[in-house]
């Protein structure tokens, strides 16, 4: 039998510590094997000499529980980080596998239907609706061929569907862990930065300049090694406000967005408040674009 | 807010209606002065029925058997708004506040930091046997979780921690159980589950402030 | 309305040719829109001047049908070849995707269950049997995390299953197209050689030495460029009798098997007979292994 | 084989029993001397009931209405063993021989190369509307396909090509339809399908030579 402050040994209660820190270390690991009967932990604690009054008992339990809760929240959040890292990697894997499989499928379909050009999703649909006995314009098809192609097409479809599910999972994780970063960059791009940094807290410690070029990879190394122009954007380039901006504005735009993303990551990591940084980014983008136009009369 | 001109008990320890102009506003007497109104040397924290289902229940005259000395197991503590009022009420008792979502739990810790009578428990209310071992026994179970199996959660927690004769107050949210099924049918099914273990004393709809919500009071 | 030798125009029958070759070219493409009533093609053909007697009609139809049938068989067989090529590529793609996905899955699982080491299939099973509320030894798991991992695990399982289906399809194709090659090399290895050669007939034209090193790729180029030892085996190395043989025998074994595979491919491509080359290979392998032992007293 | 000492008709044109010692062996009279036995100036090709279901049917005394002048649609020609005997029988008729599997079809072409009265058709018997346009009409449909929907295939082909009053002979293989279901139930279901379009005249089990096979003779 054990409770938050210790366990019952053969000859009485063994107290796990005297400070909230010591007690929290014990309580975090303790199995919840509640004594039978109608236990009164306070009575036991006072009898065992852990504390001398009900008020003191309450304070000690409160302080201990606060520490246990904080470390549990920390574990939950870092698990979220880890799951975001894993799921972004999973998403990339699924994405690549889908591309490979659908390319292969397009080629296979093409030997039987050389005349039809279509996007992978359309080809998947066409294959799944093939009926036995169909006489294609290209190579003949047996019922076995159709079944084999359909099995393969179903895998392509499963990969496509899983890509969507993973995206939704990542969105849900991001909404929980980093709503502000999600707001500024979109959940997938935000998740990609968290994954690259190795977690939200690590991302929050980076300066805006690093966030701006994160993922630029080769271009950045080349800049360092060979003095080519410094890359203006890494992953952030995928942000529609940057990739959609006129070329001359992209540098400014990616600097601005990286700056806002940095703030967002810090708020997410340390305060947890939900700001409306999305509107702020849109307003700044409008000003940036406006600043390039002729000033109003 | 208009100036407070009077006060009357709301029928629960430490819980009052403050009279301000033509309004009567629910509030809890508190020892924490932050955001509190002073009246005749005591401090009161206003308790809006808009953001708190328990406040709503009291205003709808449910006989909530909370007392100054109650020992409360609170499931679905969220960011702690209601928990702090329960903490005010049970000034000589204790609140074990269970929440699993990390983000609101962070806010909960901030809210209860100075309140020694609130014991935070970060755990999934569906698995009461996995809580860290702080709870000895409670005589009041309050539950407001947005989960599909709400009645079953109440039963599991009561069986593990609630004393015989203790009370259960549960805010059932129909849309957490099914968004397509008729709320009436859902409520009936949940009440049936509760009835299998508890004596159902009172049910009150929380409309219009809390849509598709039903409050149920039971005795164990 | 048309029949195998032509179609009915407004003013009578238009004959598509006079030789079996011309007629076969027409009949192969002709839609089977049989005239209504109780047609008598022979009567029509004689009236239209295609032939002068029932015997002549029959001979012409027979010869034409033989040509149509031959080209149809050719098309079916080359379609089979093409499907084998596609399905072997598909198999490789699925194989790689499965490896990628299951590696990713193992890593993801590992952050929650760092203590469990297991093979991918076991990990898939473990993940699919996770129940909500489980408290893992590693990072905490929410119901959402479990659902996400299970979705991903299901894709891994689908890839695994599809790999098996494709293998079975390839086996069935090989049994139809190249049973002897299948017998000598196993269906998957045989299919891989057909795919690499670009079809059964092309494979059948290659000398045994080419078949022996087919797929050796880099090693072969290196041999040509840099004079490193000639590679002893390409894909054929995967044959269990070669990879399972003592090192000193592998060269001889792969030469022998490549020789038998060459014969098998030729029989499959040109005669279609089913020989029992498998027993022959096993007998020769036994002799090869025996020849290395001390001669019997 | 013992020396042929006599001959008697098997009740079908060009089809005889050769008497050799104590045996009577089914054979077709042929104009192709290869692998043929000579007897009294004519040539005969032995037709084993082990490898041919049609031979089996004749030996079991089914009244197969094949004639010298029959026009036959033969579904499931395979590598042509039986087809060449049908070709012998319909010496003044024609056989449209349908086969879809490329490998046996190659052997079929070799077997029928010299036989002008056999017209090969490489196509899927399940889709008679997709055959290349050689067939005008036939008065006899023979079918031996290892497909699940055997009766339906016969019906589809008859509707497209068989003259009213023509005959259908079908060898139904229970294990091609289902390997778990009781053959009797399968046969009954297939016969029901055939009865919906044809008049079923005779059914004969092909056991023991052809396990789980039933021969059915119908008129259209």
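Order as written gives the chain letters A, B, C and D; numbering starts at 1 within each chain.
Everything below uses one rule, namely that a contact is a pair of C-beta atoms (placed from the backbone, for glycine too) under 8 Å apart; a residue touches a chain by one contact, two chains touch by 3 or more.
In UniProt terms the chains read A, C = Nop56-like pre-mRNA processing protein; B, D = Fibrillarin-like rRNA/tRNA 2'-O-methyltransferase.
Everything quoted here is computed from the prediction, not taken from an experiment.
With centres set at the average Cα position, the gap from subunit A to subunit D is 68 Å. Distance between chain centres (mean CA atoms), subunit B to subunit D: 85 Å.
Subunit C and subunit D, compared by their mean Cα positions, are separated by 33 Å. Residue numbers of subunit D whose C-beta contacts span two or more other chains: 130.
Shown for subunit C are the residues that touch two or more other chains, namely 72, 76. Viewed as a network of touching protein chains, the structure does not reduce to a path, ring, star or complete graph.
Listed by chain label, the pairs that touch are A-B, A-C, A-D, B-C, C-D. For subunit D in complex with subunit A, the residues that touch the partner chain are 100, 124, 126-127, 130.
Contact residues on subunit C toward subunit D in their complex (touch as defined above): 2-4, 27-28, 30-34, 38-42, 55, 58-59, 61-66, 68-70, 72-73, 76-77, 80, 176-177, 272. The residues of subunit A lying in touch with subunit D in their complex are 132-133, 135, 142. Residue ranges on subunit B touching subunit A, taken from their complex, read 94, 101-103, 105-107, 109, 112-113, 115-123, 129-137, 160, 163.
By the touch rule above, subunit A contacts subunit C in their complex via residues 72, 75-76, 78-79, 82-83, 86-87, 89-90, 93-94, 96-97, 100-101, 104-105, 107-108, 111-112, 139-141, 144-145, 147-148, 151-152, 154-155, 158-159, 162, 165-166, 169, 172-173.
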